Amino acid sequence: MSSRFGGIWPAMLTPLGEDGRVALTVLEQLTELFVSQGLGGLYVTGSTGQWPLFTVEERCLVVERVIRSAAGRIPVMVHVGAAATADAVTLARHAERAGAHAVSAVTPIYYAHSADAVFEYYREIGSATSLPFFVYHLSSVSPIAIGSREYTQRLLAVSNIAGMKITDRDLYTFGLIKAFTGDRLQLLSGADEVMCQAILCGAQGAIGTFYNLWGPACQRARAACAAGDVNAGQAFMLRFQCAIAAVLSSGSIWTFLRAAMRLKYGLEIGKPRPPLGAAECPWTDEDVRQLIEQVDSNP
Amino acid sequence: MSSRFGGIWPAMLTPLGEDGRVALTVLEQLTELFVSQGLGGLYVTGSTGQWPLFTVEERCLVVERVIRSAAGRIPVMVHVGAAATADAVTLARHAERAGAHAVSAVTPIYYAHSADAVFEYYREIGSATSLPFFVYHLSSVSPIAIGSREYTQRLLAVSNIAGMKITDRDLYTFGLIKAFTGDRLQLLSGADEVMCQAILCGAQGAIGTFYNLWGPACQRARAACAAGDVNAGQAFMLRFQCAIAAVLSSGSIWTFLRAAMRLKYGLEIGKPRPPLGAAECPWTDEDVRQLIEQVDSNP
Amino acid sequence: MSSRFGGIWPAMLTPLGEDGRVALTVLEQLTELFVSQGLGGLYVTGSTGQWPLFTVEERCLVVERVIRSAAGRIPVMVHVGAAATADAVTLARHAERAGAHAVSAVTPIYYAHSADAVFEYYREIGSATSLPFFVYHLSSVSPIAIGSREYTQRLLAVSNIAGMKITDRDLYTFGLIKAFTGDRLQLLSGADEVMCQAILCGAQGAIGTFYNLWGPACQRARAACAAGDVNAGQAFMLRFQCAIAAVLSSGSIWTFLRAAMRLKYGLEIGKPRPPLGAAECPWTDEDVRQLIEQVDSNP
Amino acid sequence: MSSRFGGIWPAMLTPLGEDGRVALTVLEQLTELFVSQGLGGLYVTGSTGQWPLFTVEERCLVVERVIRSAAGRIPVMVHVGAAATADAVTLARHAERAGAHAVSAVTPIYYAHSADAVFEYYREIGSATSLPFFVYHLSSVSPIAIGSREYTQRLLAVSNIAGMKITDRDLYTFGLIKAFTGDRLQLLSGADEVMCQAILCGAQGAIGTFYNLWGPACQRARAACAAGDVNAGQAFMLRFQCAIAAVLSSGSIWTFLRAAMRLKYGLEIGKPRPPLGAAECPWTDEDVRQLIEQVDSNP
């Protein structure tokens, strides 16, 4: 199995222009930024990339542009999950044609789907291409429980299954999946809040929102921790969790991300599509700068 | 305020053909059926109508056809909720042009939206038309809590707000909203399982999945209960809850609904779009018939 | 099966003196009050009666005094649930000797007990006496799910099982248990907030905190509703739910109950044992009076 | 502040004899075992020690015997939490007289206590002695949320507050408390399942059930991980989580612990008080041995 799906992967923001359409130039700049930072890979059109707010066509456009810009310099995993299985399959096939390195799909949303229905959805997506397939478990929306031996056995039977992106602050389940599957699955942690902790559960990489902003610092901290500098890992995680808490408790996460990407990188990612970002309060540049530095500093 | 939003409203199934496209002829027949049954109204493209699986264009097509078929003989409320506020606004305006009597929208989905973001979404949809607007609270997916005085005050400030569809088995919250808003809101219950119980919380009608199949029986039972025949209401609800439990615990709700609509009404509603209905087990005609009769019988 | 376990049963407050000990004289007065009000029965040393704060000996003392005062004029059901099965069995046997009409026990607390462990606990308590046994399901603390056919079958196999006190605002489960057990179990609702609604699920009576204060009004409303005056039931429930919400949201429920029992009945129930009642804010007599009247009034 | 509250602390089992009374001799042997293993300290009469099943007198007896046996060779933290604040205060004072090194208390149980009530309970216990006080947050029973700055500020104002035992698989909250309090609180992790992961959140030690059985292996793994051997930490945690899952999913945890302590150490801890351990299935010695070795092995 390929070992390339490791390190820090930003769950890429999808930049939008004033007109609400995808800002393709900024998308290319963002891709270039992450390549230049030497990050592990790009996770495109995921939750942070606002997939539920885009049409299938828009998602294809974003995927094509990122892959073309990346030009093989960084692996690209395309999130193809959708409300309809057929759309997910369409997106998976498109991703393969466009040159993606892997596809990923969140569990079906909104309804109380049975485990059987969820696995049928996985089966169809996994077998739609020859790409490695990563199931995306998002605990806040998933209709089914994971972490049992029965679950992992069913998962290993999915065509092209390569791993999981597990977004859950509870790491017991994460470790059990690793323990039950060993080297047969590549696990990436999706909860930024416990990025380094997940290493101890067998996470070989991390995919998340805040790596758009703090990718290099997170990459350094994660690498240091994985290499044995537990003190550095602890010190970083306390700063990082504090910063995340400040952003989340503000209720204005999208406004923060926009201001921070502009201040730190000079990139204008624009406003997200409502209801995302709706009715948020402004962040002062000073507060944004302080928070950026709080995480980036090496105390 | 209009008093027309009462009685039993099926959350209309959206019939699909073998090709997966909307079966417009069956949709018309279904509309005709509900008109002939003298039901209270039609709730179109809601959760039962599979809204998350359809494009905006498909939803418009369904709405137009139902309203045209209904031809003013029964009120039509159009669910316009969508992942993107802009789509919900587009759908609301379309519903008004198409001749709908009211619009409704579920709270924004998937993300952990703040109350401010939710109300901004309501504000945009409510003010997009001059139609009565009914907020659709679906407890299983809602990111915010309802039932406080603050919530109802904010709700009453939404443009064109006319009421709520409240889908929650916990009726304490329902009653509090009624108590806090009195005659200023029209409340409809969305949890079939507590249809008659919700009368005692001020529900003036009910919208739900199982009224596609058992509309007349539910309408009789609800009317009898509301008129004082508590024994009839109790006897019916015990039979009805039992039947719902049998369907839900089978894990094959869509297969049941399809077989039941065919057996009872000769209408072919087809398979839902996957992942809905995926990996379900078959129901025997005999089991379906028994369950239909269990609810329809007058013991 | 006896039909005596119906109507409105206060989950009796346990009055305490300045010294923190049970105020036996007030306990007798309270018993006399409920007898004079013609309530359905008394539920002694339940959650409202602060059972977790008392020793086994104190609980026996309370039970003896209430039964002696009641003198057969009103049925007495004794809550014998305890952290240790052995204590519950001791309390059940004592209740029988003291002349109780029934025993009841909450599911085991604190730990994540398995269904098997819960039913073994029930079995031991049920078979400890020849009294009718009522399982007390308190959804907020119960470690196991109820409402399946398997659950009700196991329940019906418990020695002397006579019924359940179900404290859950979700009435779907309540109705299923009634539907699955028919006349073999007597069901009493424990969530004051849905007192009348539970009639439609087959509740033959109600046990709860607020019947200490509003017993007669609740009894009238419940009887009227059960007899077919649905409008009266609805009007009462909206007032009652509002009053409950005012008390709960104040965060000072024990202070309210004490002030209200003093103002309305001249009975001094004292302060509960901390941590109950700790750090509560005072209620003004005026606010208490208004709330009392809000429920008692016949608009 | 003392630095002694680190390392691996078994949440001590309370051995019982055939007669159901505390087996004082085994209790002494258990104490001796943990001293000989060089563990970090002893947490007495906690959840694993079955505190809810014992009287105040029995708890005092256990505490006295452990402290006397420990004879200063290992620190002893006494859990004094109780349903009644007064009992907790009595137990705290007794613990101080008996020579305990610290006291600890779980949040008040059973009722939906307000944050104000919880802090008043902490205040009374903390100020009852001059010992360091450790709040015990058990997420499965706690009525209040932790992890906000407001929470930690209130906590730091509690008399003699020295730290927390945090039992929660979600480590985000844990890290935030550390980040908000720095060196002012000593944090110990209570979820065995994430023992090493909690190091990265600032845990300076761990208190838990399974350290009765696997104390030395856990101590070695934890120390290795804290010193930078992340691979060893990961490998151990995967084995440890697997073993915990095997025990928990068996539904027979008490039977396992009893058999395992007998097989590995020749200590007879007896059966717990029902409902704990009720209706459990037997473990074969072979299965128990395999599981013991699975964790103890150095692969």
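The letters A, B, C and D name the chains in turn, as written, and every chain counts its residues from 1.
Heads up, the rule we're going with is that a residue touches a chain if its C-beta (ideal position, glycine included) is under 8 Å from a C-beta of that chain, and two chains touch if they have at least 3 such contacts.
Keep in mind that this is a model prediction, so the values were computed, not measured.
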{"item": "Length of the shortest touching-chain route, chain B through to chain C", "value": "1"}
{"item": "Separation of chain A from chain D, taking each centre as the mean of its C-alpha atoms, in whole Å", "value": "36"}
{"item": "Chain A and chain C, separation of their C-alpha mean positions in angstrom", "value": "50"}
{"item": "Residues of chain B engaged with two or more neighbouring chains", "value": "none"}
{"item": "Contacting chain pairs - touch in the sense defined above", "value": "A-B, A-D, B-C, C-D"}
{"item": "For the chain B and chain C complex, residues of the former touching the latter", "value": "147-148, 169-172, 175-176, 178-180, 191, 193-194, 196-202, 225-230, 233-234, 237-239, 241-242, 245, 249"}
{"item": "Sites on chain D touched by chain C in the complex", "value": "20, 47, 52-53, 55, 83-86, 108-114, 116-121, 124, 140-141, 251, 273-280"}
